[in-house]
Amino acid sequence: MLSDLLIEQIVRGALLEDIGRGGDVTTDSILSEDLVTRAAVVARQPGVIAGHEPTRTTFKMLNPSVEYEILAPDSAMIDDGTAIARLTGPARAILTGERTALNFLSHLSGIATAAHSLVERVEPYRARIVCTRKTTPGLRTLERAAVVAGGASLHRYGLDDAVLIKDNHLALSGSLTEAVTAVRRKIGHMLKVQVEVDTLEQLREALQLSIDAVLLDNMPLETLREAVSVVDARITTEASGSVTPENVAAIAATGVDLISSGWITHSAPGLDVSMEIDLHR
Amino acid sequence: MLSDLLIEQIVRGALLEDIGRGGDVTTDSILSEDLVTRAAVVARQPGVIAGHEPTRTTFKMLNPSVEYEILAPDSAMIDDGTAIARLTGPARAILTGERTALNFLSHLSGIATAAHSLVERVEPYRARIVCTRKTTPGLRTLERAAVVAGGASLHRYGLDDAVLIKDNHLALSGSLTEAVTAVRRKIGHMLKVQVEVDTLEQLREALQLSIDAVLLDNMPLETLREAVSVVDARITTEASGSVTPENVAAIAATGVDLISSGWITHSAPGLDVSMEIDLHR
Amino acid sequence: MLSDLLIEQIVRGALLEDIGRGGDVTTDSILSEDLVTRAAVVARQPGVIAGHEPTRTTFKMLNPSVEYEILAPDSAMIDDGTAIARLTGPARAILTGERTALNFLSHLSGIATAAHSLVERVEPYRARIVCTRKTTPGLRTLERAAVVAGGASLHRYGLDDAVLIKDNHLALSGSLTEAVTAVRRKIGHMLKVQVEVDTLEQLREALQLSIDAVLLDNMPLETLREAVSVVDARITTEASGSVTPENVAAIAATGVDLISSGWITHSAPGLDVSMEIDLHR
Amino acid sequence: MLSDLLIEQIVRGALLEDIGRGGDVTTDSILSEDLVTRAAVVARQPGVIAGHEPTRTTFKMLNPSVEYEILAPDSAMIDDGTAIARLTGPARAILTGERTALNFLSHLSGIATAAHSLVERVEPYRARIVCTRKTTPGLRTLERAAVVAGGASLHRYGLDDAVLIKDNHLALSGSLTEAVTAVRRKIGHMLKVQVEVDTLEQLREALQLSIDAVLLDNMPLETLREAVSVVDARITTEASGSVTPENVAAIAATGVDLISSGWITHSAPGLDVSMEIDLHR
Amino acid sequence: MLSDLLIEQIVRGALLEDIGRGGDVTTDSILSEDLVTRAAVVARQPGVIAGHEPTRTTFKMLNPSVEYEILAPDSAMIDDGTAIARLTGPARAILTGERTALNFLSHLSGIATAAHSLVERVEPYRARIVCTRKTTPGLRTLERAAVVAGGASLHRYGLDDAVLIKDNHLALSGSLTEAVTAVRRKIGHMLKVQVEVDTLEQLREALQLSIDAVLLDNMPLETLREAVSVVDARITTEASGSVTPENVAAIAATGVDLISSGWITHSAPGLDVSMEIDLHR
Amino acid sequence: MLSDLLIEQIVRGALLEDIGRGGDVTTDSILSEDLVTRAAVVARQPGVIAGHEPTRTTFKMLNPSVEYEILAPDSAMIDDGTAIARLTGPARAILTGERTALNFLSHLSGIATAAHSLVERVEPYRARIVCTRKTTPGLRTLERAAVVAGGASLHRYGLDDAVLIKDNHLALSGSLTEAVTAVRRKIGHMLKVQVEVDTLEQLREALQLSIDAVLLDNMPLETLREAVSVVDARITTEASGSVTPENVAAIAATGVDLISSGWITHSAPGLDVSMEIDLHR
């Protein structure tokens, strides 16, 4: 429900960034205010679509009378050349919003496509792909929706909706036991606690404590497999560290519950999309 | 001068996005308020650095007493393992800000590195690499600075600081001549006008008009070379369309003044950077 | 760490609300800009203190040179007449900020005092007192801190950091089983799920499902006791509904883990506090 | 006229506080986007209603298609069980907005009810009940409307729309005479001046000056009566200090024009209201 | 006290308006970051100074290390060539802020000068000059301070801090008597009521009612004089309508208490001020 | 396209400034919520109209059902007594918005009128009148539109959309040649460069450099004429300095391309406009 309030805020910032204070001097000079047109948003490479909400909001914020018809919805797998959406309305709003809108659609579809490339490789296994907090500053809400559109799952949103005790916390605090005890004393009963471990020894210490999940960071496959066996399904296991389409199936085969990937949000190339004016109305 | 006002706004949004309403429940539970530490930001792969300003601002906004010492400044080319910055200050602020700060540094250094990979390939030629408006929504200011850190140059900021008449404008207006005339009548004397052309015929029409630059879009190398010859240095020439590290030198060899690349901003993978707590104080 | 950003935003709103556009016409007319004074914030009734952060921020935002010394910190139980804080600085800022600052301190100390009145009555039992989302619009961050200052614990912050399936959800969805299944499919692994039940029958159905806690709503003491026995410590039990200082011990005696109270946030009377100018400097 | 702009701002803050960044994960997982329902807002105790505007705005901001029909308007005195409003519309918006909306309605109706409990006791007398600036930070606009809904009147809004010279001002300035003179020299002709006095002697000094009203602070009934006689209707008289439903009639009987109460805004318990899903459509 | 919060908001808007998103490309390209300079702000015509606060804030917001020394304070009457302020600090901040700062100083000093030109002409009389709500949108706070710097007085700030019943209100309501009665029933005891009258007949009706001031709109001098006599000092009298330096003394001679002028805020020409770089450090 | 987003922001600020927190206490007390009226906005002196957009937005923001019919559009030259716009809708919104709306219309029409007074005097010549950055803080967007409505043209918007090297830059940098070289190295190819010169000698140096325009500051007519001859149409020439309706034709007669005037924005008197309630519906 909230997304509308947040999305409008993000889109407003993006539009002001592009249009500035002086307005679209090109479009406003060339096209008359009452010119109406149709246009199509078309994919220039195959992928998975995400980002229709901010894309539509971009045009609507410029002119509420723009009609935005979704042809290939979020989560759809499309081929090169597929028409993703059709626009009808004032030509000025459509041209002025074009770049900002496509920037959203390209970026988010790129993330959905990357996520899906991992998801499809782990389908034979129990493991689910989850995202991380390695997102683009300001776009986490949208990027998490793109991750879900790509078939992956969500990790905690940020620093306040779950506890994750990482190596740097342990480097600065006494011990894992003390850290977990301190956390449990402070947080409410509705927050989960996860601990990052690098070795099986740490894992065994962690399993003595009141935790809900364990992050097995950068472990070799062999160690991962043993870790899964040590945990024995008592808590959730998550593998992380340099996950790629190439190695993700092997990681999944170790039996972990979750595989987290920062790559799908911080390094996914944009999906190539463009807008074509349709003159045959 | 403005950048401070804008950067603070962007960083505030990024921090609120990560920390939410409840605060960093992990760090606040485990570490005491007066614990002080040192930490190092370290590169995990070679590249070109960009983004120190938002990175430093992230920590400073959480606690002004954090000291942020730059070891490898923006534009520096670094190797895997290079220490990029050193932090000293309250441990809570350093751990709470870690992810947000690294998200800025990784994303922007990734762009600088991508930009540089094109720049170094065109060094023998007159062509400069320039960015486009295909930036991540909300981060254009920072991404343009990263492009410059990578050695490339700037195109117009947005829709209001220069005129660019593109194919979609021409599809909707009468003719190129009418479009340029309309634009010149409306804009002030301090704005430049560029026109996108797809063919040599269009180019010849454009050259009759009062324009400052021409965008040669998606032309084969042969055509590009001829276009440069037709223009004969009277106005600025810019080549665009599917520029990659592989083909950029060949494009530059045609003699164009500028080569624009959306890839350096919309598809650059993040540079791998991490933070290490330094216990030997 | 975040609290500073959020607290400043709340305090700015409160100050603008009181000072308006014209400024404090009384103080600015009567007192010279360079007059310095001391003042004491004094309790006029016994209670538990909370709210020093927004109180101090109020004065600091008007003039950073105001010194605010805490005499009775958050969580302190104080008697009528106790000096809670001492102020030194520009008289204008101290008088202009007086009412806004005391409004924060009174409201939040009232909540801490109410929370503590429940907490002290359940000390012999395992049950902890927890707050609800029945907070004053705009002040949840501060009110939750006041609840903690009063010795009680926290429930979920809002709608996004945990799942709570309530009677109205069940009235509109198919069944509890379907609802829990739908939730588990959508949410990440780091969010907990709680279910509200009104009867032992519902409780037994809930216990078959993958949930972390159960909310036993408005049950008679007898039923509560039986519910605790049915749950048998497998998941967290929370009692709610018309909790008062009078009945809270009896509820705790049933063996529930948590007792939630909306009363401590929505109906706590303000603690009477006032500011006295101290002329003997 | 303004209230809409201000109310939307307050409601937006309250919704963002509850829904956060992740949205209502419970409702969004369980209920489909196109499910429509009816619901009733029902009082669980007798009282006076206030707050329909922010309550309605809460639902409308989530989804403009929610219909909000007022059954018991602001100022209405209702019994336990009375239906206050009827909702029809998307089930998601109704459930997501439920707690935020009821928090407004409960808090503001509690204030209206408290105000009315004083107002009805002074009906035989000339005295009117007025509110103070002891309001909840951020909600003054709404709380003042609730005070009016309860039948009481308004004091100055804040520090800029009238002058009130209080004891702390006098402690820091030379004399009452000097203070009033300074104020009159600075302010425009459209602002009124009130002075707080603690003794009849101060009152007599004040009456020599150009003031519009006097605040008789914490005076015994006997002294109050004498003060009213001394003033002899030349200026407005206001009694303040520990006003309760028990003593308010006696205070009114002294003949004062106004009786101000902080209690009605800072300590009024919330009115118990709840929302029931109505399945018989 | 508030003014700082409001002034910072106004100055931030003005700076963002001038500097945009790309920064001061001229200054940043030419001057090094560590160049320090001195500069003087100098008047190019005689007048009365106002606006040091926003002027100083402009430079400080760009760089807190800029020193701003006031040479001719607000309210000072200066000659052509007078140095108004001296600046020392980073050359970039001084040049980037120059235009925005001077725009404030020129505009506000122009208003102070215009106000003073009326004030000095009515000195022999009891009448004070007051401003109106005909201010430049967004700058009322600053313009009212400039009016005071010019020696004039303040009318109500806006629509909420006093009542002014104007001709258009009367055109739409029943009668003046009904209007005043309605107003008195609604507003608190701390708001004053003024009524606009065009004729002596209206004036006599108004004097029967509970009002604090009367606005004698566009009356000939003869009628004004008679109106003053009719009022006989019972309430405040204000003359308005086409007040100029030429006719203001004649209006004052009628004996009115106040003369209001929109001209001093809506039509005052800017005072010519410029900034000179001082190279002899 | 952007203007709507920016205009709404400016109008919201102006309304909040006038209506404050308490609302229009006069109108709300006297007129019922459902009273509907018609009104006309009428000019009280001849001039050129500008500002319909913010004027209409003011009323619409108070109540979207107000109809605003434009009778004399932006750019129209009107006589004393001309009806500029007709309003129909809720009387409360019309009266509450009256002053804010007229403040926009008067201020902006005053600027259009001033601009036109210069434009009409240079019609026989090639010179166009252009505005400067000497605008009222916060209103540049609107004032530039008013300048265009008056028939004049636009200079750069702010510090980031073009380069203007002024005397103060040269005072602090080495030489004009170095300054232009530094600028060209930093800026993109789409920004123009203008240089301010005070003498023919400076002009000759400037003409050796890569610049697009020259600002001939405060030159005597004789020198101006010679400067135009020296430039010989190679770059754009702009004259500035104390331009008035009296001397503008003589300046234009020198043959310069542009004449810039700060006077049209910083010192234009407001156009006298008022609103009349129309009772004959």
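When the chains are written out, they are named A, B, C, D, E and F in that same order, and each has its own residue count from 1.
Rule of thumb we're sticking to: contacts are C-beta pairs under 8 Å (C-beta built on N, C-alpha and C of every residue); 3 or more make two chains touch, one makes a residue touch a chain.
Just so you know, these numbers come straight off a predicted model, no measurement behind them.
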Please give the intersection of the contact partners of chain B with those of chain C. A, D, E, F
Using the stated contact rule, I'd like to know whether A-E or A-B comes out ahead in C-beta pair count. A-B
Taking each chain's centre as the mean of its Cα atoms, which chain lies farthest from chain A? E
Mean-CA-position distance for chain F and chain B (Å): 34
Give, as an integer number of Å, the spacing between the C-alpha centres of chain D and chain B. 52
Approximately how many whole Å separate the CA-defined centres of chain D and chain F? 45
Can you list every residue of chain F that touches 2 or more other chains, as numbers and ranges? 2, 17, 19-24, 27-28, 96, 140-141, 157-158, 160-162, 187, 191
In their shared complex, chain B is touched by residues of chain E numbered 12, 15-16, 19-24, 27-28, 61-63, 92-93, 96-97
Counting only contacts in the complex, chain C reaches chain D at residues 10-11, 13-14, 17-31, 35, 37, 39, 54, 91, 95-96, 98-100, 102-104, 106-107, 110, 133-141, 157-161, 163-166, 168-169, 171-173, 179, 182-183, 185-187, 191, 262-263, 266-267, 269-270, 275-277, 279
Which stretch or stretches of chain E touch chain C in the complex? 1-3, 5-6, 140-141, 157-158, 161
Can you name the residues of chain C that touch chain F in the complex? 17, 20-21
Give the list of chain A residues in touch with chain C in this complex. 2, 130, 153-157, 160-162, 187-192, 194, 212-213, 236, 238, 257-258
